[in-house]
Every structure is written in C-alpha cells, then in structure tokens.
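For clarity, chains are labelled A, B, C, D and E in written order, and residue numbers in each chain start from 1.
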Amino acid sequence: MIPGATDPISRDGKLLILAYDHGLEHGPVDFEAVPESMNPEHVFDVATHDAVTALAVGKGVAEAHYPDYEDEVNLLAKLNGTSNLWMGEHDSAVNWSVEYADELGADAIGFTLYGGSNHEVEMAEEFRDAQEAARDKDMGVVMWSYPRGQGVKNDTKPGTISYAARLGLELGADVAKIKYPGDPEAMAHACDAAASTDVVMSGGSKASDEAFLSTVKEAMDAGAKGLAVGRNVFQRENPEALLDGLEKVIFEETSVEEALAAVESHGEQATLD
Amino acid sequence: MIPGATDPISRDGKLLILAYDHGLEHGPVDFEAVPESMNPEHVFDVATHDAVTALAVGKGVAEAHYPDYEDEVNLLAKLNGTSNLWMGEHDSAVNWSVEYADELGADAIGFTLYGGSNHEVEMAEEFRDAQEAARDKDMGVVMWSYPRGQGVKNDTKPGTISYAARLGLELGADVAKIKYPGDPEAMAHACDAAASTDVVMSGGSKASDEAFLSTVKEAMDAGAKGLAVGRNVFQRENPEALLDGLEKVIFEETSVEEALAAVESHGEQATLD
Amino acid sequence: MIPGATDPISRDGKLLILAYDHGLEHGPVDFEAVPESMNPEHVFDVATHDAVTALAVGKGVAEAHYPDYEDEVNLLAKLNGTSNLWMGEHDSAVNWSVEYADELGADAIGFTLYGGSNHEVEMAEEFRDAQEAARDKDMGVVMWSYPRGQGVKNDTKPGTISYAARLGLELGADVAKIKYPGDPEAMAHACDAAASTDVVMSGGSKASDEAFLSTVKEAMDAGAKGLAVGRNVFQRENPEALLDGLEKVIFEETSVEEALAAVESHGEQATLD
Amino acid sequence: MIPGATDPISRDGKLLILAYDHGLEHGPVDFEAVPESMNPEHVFDVATHDAVTALAVGKGVAEAHYPDYEDEVNLLAKLNGTSNLWMGEHDSAVNWSVEYADELGADAIGFTLYGGSNHEVEMAEEFRDAQEAARDKDMGVVMWSYPRGQGVKNDTKPGTISYAARLGLELGADVAKIKYPGDPEAMAHACDAAASTDVVMSGGSKASDEAFLSTVKEAMDAGAKGLAVGRNVFQRENPEALLDGLEKVIFEETSVEEALAAVESHGEQATLD
Amino acid sequence: MIPGATDPISRDGKLLILAYDHGLEHGPVDFEAVPESMNPEHVFDVATHDAVTALAVGKGVAEAHYPDYEDEVNLLAKLNGTSNLWMGEHDSAVNWSVEYADELGADAIGFTLYGGSNHEVEMAEEFRDAQEAARDKDMGVVMWSYPRGQGVKNDTKPGTISYAARLGLELGADVAKIKYPGDPEAMAHACDAAASTDVVMSGGSKASDEAFLSTVKEAMDAGAKGLAVGRNVFQRENPEALLDGLEKVIFEETSVEEALAAVESHGEQATLD
C-alpha cells in the first residue's frame, strides 16, 4: 500500500465501500427483493449516506449517473466483471480502461482476481496493467481477492483467505477485499498476512441486522479497515438504517448493541417523518 | 447511457433502426424472397423513409453506398459479425475499426455481445475498446445483446432477456437491442433492468403485418424506445408500406388498427401511382 | 467496392490476375510439369503479356524480382499464405505487412479468407487490419474468398460460393476471387450477391484450352469481371498463347472459337519465329 | 553477462540475494515458523545486514517498504510470480513492468523461467522483453532458472541443472539462480555451462546451520558467485546470526568451522545485549 | 533475396556460417566431446578463421563476447530458439528483438521456421516481423528452414527439403539453411526451388573429415552457396584444420582430396608449432 492512496475513498483510514456491480455479475435477479434497487439512481442516493466512503460500479452505470453525484459520492471504478450466464472456468472481462475511469472522475479502481483459476496468470497480468496505470493517475487500488476455480476446493478455508489477502499486498493493491473466514482469529491472521495493505470484509448475501453487524464488528476488531457491502444494503427496504448502524460499528467503534439501536432509531425516525 | 448520445440516430428520443447485416450473418439466402434486396442500393433507398432513424450495415456495404446517401441516411456502423458457415461456439469478428467508421461518417456504432458464450470475456473486451473509442468520437453505442452459447439453454427466457438488457447498461451501451421476451410484462421488466439505457426490440424473422405491428406496439407500451428491424422490412415486396405503419406505432403512438390502415393505404396509393 | 479502387490492376474495368503463390501454398511440385516455371523470372516475363492486369506474388518473390519489372507489371501483394506441409484446420499466416507492400510499390493487396474455418474470426480480423491499411495507402483490395474447414462440407455448392462472394462485399473487398460454381446461373447469382464488388473466377487446376476458355467465357457472360489464373497459365509450355486467347474472351468479348483461333495462331507464329 | 551489470547488487563480484517472494509463491504458510517474518518490515530490516547484497521482492512489497530502506538495501525487482493456488502447468504472471521497477529505484530485475514447461516459449518471450528493457535502463538481470513441467521428470538431475545454468547465458541473464545439484562436481559443471554468467545457488527449504553453510561453501568452491536465500534466513529466529556465517563463507572465503563460530558468537552477543 | 543483402556475411558470394546455438537448443551435452567448446570464447576464437564468414549465436552469448570480437567476426544474430527440455509440438521462442540485435552490431539475423508444425502460422508471422525489421536496418536474413511437427512424417524427403528451400524464397529470406537431402540431384532441385535465395547446407551431427568434406563438395557442386556448420567444427579437437579444408572446398572450389590434404597439413603444422 502506498501512503495516502486510500485517502479519497476512506474516512479516518476506514472504508465502507458500497458495491453495486451485481447487475453485471448476477443479473437483475439480485434486485427482485427491492425493485427500486434495479435503478442505479436509488443506489447513488443511498451512497450519499455519510457512512459510505466509496461507491463501486461498472462503466455504464458510472457514465449514466456519476456526473449527477460527483460532489456527494466517491467513485470506485470496478474495472472487470462478467455475467454469470457464462459457465467457464472463473475469469473476468476488463470492461473499463483506467484512462477512461480517470476521465470520468474515479477516485480509485476495483479489480477482481480469481487466484487459483486457470485464468489467474492472465488476470494477474491484466491487474498489473491496471494497477500501474492507476499509480500513474494517483488513483487507489482495491483488489477483490477471491480464490476460485479448478485449483480451489474450498474458498472459505482460513489459509486460502489469508493467502488471498497476501496476494493483495504482493501484487500492489492498497486494499484487499476478502470473504470473512468465519472467526476473528482467522480474520486477524488474514489482516496480518496483508501487512500494510488494508483489508475490507466482503458483505456477502443478506443476513439479519444483528448477525451482520456482529460479523462486521468482529472483523473490525480483528484488524479489518472496513467493509465492502452490496446486497446487505440495497436488498433492504431501508438501507439508510443499516448504514447508520454500520457507521457506528466501523467509524465510531461502538458495540453491536449501540449500532443496533441506531438502526432501530432510524427506523422510528423514518416512521415519524 | 450518456445524455444526447442517441440524438443523431433517433427522432423524439425514439429509434427505428433498419438492420442490413444479413448478407454477412446469414448469407444471400435471406434475400431470396425479394431478390432486389440483394442489392444494397435498394435497401439504402428504403432507409430514406422518414420512419427510419438509422441504417445498420457492415463496412463494405457502407464504403460502397453510404457516400451517395449520407445526406438522407444516418449510418450505424455494425462493427462485428461473422458468417454462419462457421459452426463454432458463438463469436463475432470485429471487421471495422471505430476510427475508420468515423472517417466514413458513421453516427453510431453497433456491436454484438453473446453473453454466456465461451467468447463472452473476449467479446466484452473488444466491446470495451470500441465503446471507449466511440465515446472519444462522440458516436452513440448500440449493443446487440444476445445471450447465446454453451452457457445459455434458452435465450428467450424472460430472465435471460432482462439480463441481456442490463448488460447493455452495465457495459456502457446507449441502446440495447434485445429479443422480445414474449409478453409485455417481461418486456417491461427488461426495460427496467436497462434503466437509463434505451431498449429496442429486435424484429426477428418475418411475420404478418398485423402480428408484427401488434408486437411492436406491445414493446413500445412496455417501455421500449423503438425497433431494430431487417427481414420484416426488406423481405416485403413493399417495405415502405410497413414503414408507414411502424411510423404510426412508434413515433405517433397510434393504435395497431390505425397503423394497419396506414400500411394498407400506402399499398393503395402505390397501386394508384 | 470503392470507386476507382481497381483501376491500377484492371483494364476497362476487367481483370486478369496472374497468380503465382503456389510455391508457398503447394510447394515446388506445382512447377514439375514446366520446370522453368520454378523460376519467378519466367513468370514475371509471362506477366508482361498485355492481357495480364496484375501479378499476385508473395513478399520474397516480389522483393527479388519486382524492381526489374515495375514498369511492365502491376503488383498485387498476396499478403497471407501457408504451406500445405501443415495439416491443421484451414488458416493462413500474414507474411507481409501492407506498409512494406506499399514501400515495394504494390498496387493492391490480396488476402485469403477461409469462411467456415475455425480460424474465420481471426482471419477476418487480420483482413480488417490489412483492408483498412490498404485504404489508407490507396491500394485496391482483392479477397481470395474460399469457404473451407470444419463448417464447410461442400465448398463448390452454389449457395456456399454466393455466400463467399457476398463476404467480399460485406467485409470491404473491391474484388472477390471465387471458384466457378459449375454453371452460369449459379455464377450470375454469386455476382449478384457480390453487388458492387467485382467477382473474378479462380482458374483452378489445369484444363484443356477449349474447356478453360469456355468456362471463362461462361463466367464473364454471367457477370464476372475477370479471372485469376495460375496453373492454367504457368503449367503450359506456351503460356502466352493461352493469354492471347484469354485476352479475346475477357477484354474483347469474343466467342470461344475466336479465342481458340488466337491461341492456335500464337502457336504457329511461335513456330515460325 | 554484460561487464559491470551486477555491480549494484554484488560486493567484490559476489552476491547474497535475500529472496522474499514466498508470500506470493507459497502463501503465508511459509511465515508460520517465525510469525514476524509475515511483516515485510522485519525482512527489510534483516536485509540491511552487511552480508546481503540485494533484496528480491515483488511490486506490492517494494511499493510499501522500499522508500524507507532505499539507502540501506539494494532492490532486486522480482517481476514474475504466481500463487500455488493455481494447479496448471508451470507458468508465472508478469506482475511488474521494468519501467515501473526502474521508477521505484530497482537496481536489477529477477525473472523466473520454467524451462521444459509447456509455457517455456511464452515465458522466454516475456523474459526477452524484460531483459531488453532492463538493458535499456542499465539494470542487472537475474534469472531464476528452474526446469519444471511436463517435459521435466527430474529437476535435480545434474544435466538438467547445467542446462538451466546455460539457459541463463544463452538468453542474456547476468546471473542464473539454480538449485544445488547435490555434489560439487555437478555444480562446477553447471558453473562452466553458464560461462560468463554468474551462478548463484538457490537456498531451498530450511536446513541446519552446519548443513546449510557446508552446502554454500561447496557451491562457492565449485565456482558459484553467491547465494539466493529466503527460508533459510527468515525462518530462523535470529537470521542475522546465520548471515554473519554466510558473510564469512561467501565474502571472506573462510572454512565452514569459522563461519559456524561466527553464527554462534552472534547468538552470544545477542544474548549479552 | 535482395541484391547485396548477404555481402556482410559472405565472401565472393559464398557463406560459411559457424553456428553455435547448441547450448540453447540441445544443452551442454553437445559440448562434452570437447569441453573447451562450452566456453563461447573458444568458439569466437575459432570464428576468426578466414573461412568463417559469420558466427550465429544467441543474444546472451553475443552480449558477453561480441564486443571483444566485433572487428574479426561477423555476427549473425540467431533470434529464436528453445530448449529441448520442452516436449511440445515444434515451436521456437523469439529471444532477441531485431532492434537490439542491430544495436549490438549484428550484420544479419537468423530465424528458424518449422514448416508443417502446428505453430507454423505463428512462426511465419513472427518471421514476418523480424524480416521486415531487418530490411529496415539493412541486415541480411537467414532462415533455418526445417519442416517438422505433426504434419511432417519424413523431414529428409527430397520433396520436403525442396519445399523448405522454397519457403525461404517465398517468405523473404536471403539465405535458406536446409538439410542435405542425401544426393546431389535432390540438392540441385532444392537450390532451383529457392531460385534467387541462396541455399546453405546444414552441417548436422559430426561425421569424419572425408565424409563431411565430400558432402559439402557435393552440395556446392549442386548449387549451394555454402555451409552452416556447428558440431562438425566445435566437436573437433582441432577445428581450424577442418576449416582449412572447408575453405578449399567452398571458396577455392578444390577437390575433396586437396581439401583433405589441407586438413592434414594443418594438423602437422600444429604439431610442429
């Protein structure tokens, strides 16, 4: 990690990345629970919440909406991604050049690496080009470090996740986004493995408020510098409430209880409005 | 979608794209019903009809004929395409550079993406280069978004078509050309999935006047911004008559009955001339 | 076809291309019948015959001999080709850059496309680069349009040959070189399919004078703009005699009988000299 | 080898390269024995030992830590490498461009070549680009020459290791890092095979002080110009002690006994401090 | 062949190329018979013999030694080559760019083409780039034309060797290095097939003085312009003696007997010194 590289997408050195590349990776099915989440405007509005330090979207979504939000939202340009219509060995198309992301005002780039895939070598070389171009433009670099493919039997094994975190450091990412390995000790090991590279926990599929906030708290206590979350926010009817809670846990270092109270009071306040 | 990107190939924000790349994609067999359709000049003449907002052709056809029609026809440069002599997994050759399309006066580019094909990753990266070059030249971007290949068992399933529409948005197309999914509700879902990206219905193989106009009407009412049509126009003895009807349905928002009347009165008028 | 593109390699809009890339494509075995045909100088001498509007050769042959013939011969740079030692799915190496062909004084480029081959997509993209570079240098473009490979069961089927001719138009060739489909009606259909792109008949393996001239006559009457011939010329002891006959049929539009008389009188004259 | 090419990473023409790319190649598991070795700072501190003539690390580690050590440590930029999560035929991603390595202040580049792998041709061509770029920037070139893959049944056979050393010379490396072939005679043969290219012995997995120093001594006597060592240093609780011993054997050409005494006295001194 | 292209690597239009790329292609095993041949300096010394018109070596060997011999030796930069550790279909890595070969002072380039290999197309395209870059730098071009791979059952068949020679001409080599096809008639045919491209006989594995000189004499009489020899020179204890003999046969067109006498008298003279 280069000193200061994450400044434009963090707050007090901590990150809450709202990820919204599901339309590409999973298709519209992820928006069924909360239909308004299909519309990027809705998610850009959510991203204006104080807790969100960056919004990760693909090129088309950024082109259409970022100009209206550039003062309120920090843009994390998710450069690669592929539909799940495709059934082959894990790979990801580079859909956006760093040069054009910079032109659109992006503050940082996001890049998926499937360590263990038969496309690992090719993806790592695409990452190299993107990472060095980002350095040239003074943009931060976030790696979605997800071991997958023929070589990976179990992608939630602690050793695999620590390796994923380490790949972020070794290859030159400022931030490594990894899955939560299940317990705080394993998460601490992964954070150690990443050394100076910041680790953020990947939000994953939707969980209850309490379960989710507890996991985030555990991750932060274990050394994570934040969270990258998608479905756990935009698949909620009231995403701002959960963001109030996440703000407590991540930036104010409160207990889970206090964070849950914030979630609930937001709900009440919304009802009162 | 970038604001204004479709202006040169639309009318009041709606599009009627006449597609004529069948000589490459299917071969001369598509011209058998109406032999004069083999000659591009015939189709360029048809494209001067007021209802047509753009003509989509390949490089060779544009080189030979566009100079004679550049004042009357808007050129949509169909960049990729492949013969059906080839039997492999769905793929498409990029036969035309954006730079040369621009030099020939094209207003927008057209690009096929076979989501789900084993070539999806490669095609998406070719699309990236074309899309960014088009942005650089202020040309609109139309994606033929056709899920096909090993990963796609049923390419007319509503969920698949909505995903296709969404890929248009995510990857940076101004317009996504998709198949009609069979019913208005599914079409509306696909249009929602595309969000700010315009959706145009793909015309498909030849149907009766009434059936075709009814489907187009349904698509427009469901949120489509227009139509891309080939065989349903050039495989008709009197393509202008149908274009009169399509103009009614698409740009004047009339009923199907009124549109059919326009088709028939054109026929009469032609007989009277 | 771009207006005027074939001017430097045609006469009154008609073409007689002498093709001499057999040393690469078939090896020295093609020169056994007439050993002096092994020596490119012999073939360059033949190419100075008035009937020949262009000589198609590869880079090495052009480098060695074209400087001595540049005032008398028009050079058609055959850019790609591969030995038949190789047994794989049909493909062709690009052995010559357009830039260097231009530097050596070439008037036009020649390029083989194997439609239907598993390498069709790659070859079409190589053709794109060559075609656009040729446009940039004001060089004509001739496509050897030969459907072959896994996707093509019968490459002499009329529909396949018409498709081949159409590919010439669609992809931007000024001239499409195709096999004779066996009868005049099928040839006429192929010429219609090519529309504004000129069609030249491929000479094929050696035939008798009468049979060959008759086929060429049929092709011309059906709409072809000329002939590309190799073995039927250089595998003859007296190639100039046949060229006299071809000149009659192609440029003077005589009967086959008159052409045959020209062939024979050349023979007599040669005997008298 | 180019005269003077190794000057910035050697001392009196001899090299002791501390290699620390295990986080990428093997993952955090290599740091378990001595947990502080997970932190690159610890290893940079070790690299300030007088015996170490260069530290070999990947891009991300160099970016994060080299700026703090550039006055005390010589940087050997290890350009390629791949995780062992990937199970395919031996290959290595190029993760770092020479241009950016130069920008970060690297003195030399390191590059792995898996001779015998199905990726040998591709890797050799990547090496070509890196080697020539390094020459352009006056950076030394070190090849990790490791025969592996389908073509290599036994990568410790003397003939194979001599071949590996020779590849360093033939392809233009200033230094070839090879495995110790097991006996001094075989090592001498490998050094002869490398001719003017310097040979350094690869440290391999951890051994006892005496065994390791003896092997290094044998290698030096056989003609090696030094050592590249990783685990045998950073997997020791007191790496400086062993470095004291290595300094004796490599640079002062002492006996193994004298070197062992230095290792032990360092231990005592550390205890006294 | 371009007029004058071989001037810097020939004498009176004839060539004796000393080839020394065996360390890459076969490994150190080729140097066992005469251990000093492992050291490139020894071979550079041999190359100063008047009979040698060029020395063919790889990049690393040239970098290390050519600066000391540039006044006495003409450098033929062997651009591609691959170890025989690799067991795949015949291919060869391009290890040296023409630009850098030129910078090091090379007079000509050497390039292997495996006609008939599944990599033939790719190798031919790499040759194209190298050949055109060499033209740009006024460097001669020598092709090692060796049919090999799946498509080639018998690489010493006369027809195959004549085809190999022809490929040199067709693709733009000034010199084609081919195997001796076994008898003078077949060699003459191969030389005819190459037309203006010079043919040099490949030396092959070590033979007796008489057998070797006889074969060279046969090849020269059949039309070859010289010899490319490696093992038959450097695997001899007294390579200069054989070079005396080769000089007689190749440049002075003597009988084999006279050449053998020269070989023997050199031996005597060496004994007398």
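To be clear about the criterion, contacts are C-beta pairs under 8 Å (C-beta built on N, C-alpha and C of every residue); 3 or more make two chains touch, one makes a residue touch a chain.
Fair warning: this is a prediction, and the values are worked out from it, not measured in the lab.
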Set of chains whose contacts include both subunit D and subunit B: A
Centre-of-Cα separation between subunit E and subunit B, whole angstrom: 59
Rounded Å distance between subunit A and subunit D, as computed from the means of their C-alpha atoms: 36
For subunit A, residues contacting two or more additional chains: none
Sequence of chains encountered when the ring is traversed from subunit C in the direction of subunit E: C, E, D, A, B
Residues of subunit D defined as touching subunit A within the complex: 21, 23-24, 27-29, 31, 35, 38-41, 58-61, 63-65, 81-83, 85-88, 91-97, 100
Touch list for subunit E against partner subunit C, complex: 1-2, 115-118, 120-122, 124-125, 127-128, 131-132, 135, 147, 149-152, 159-160, 162-163, 166-173, 189, 192-193, 195-197
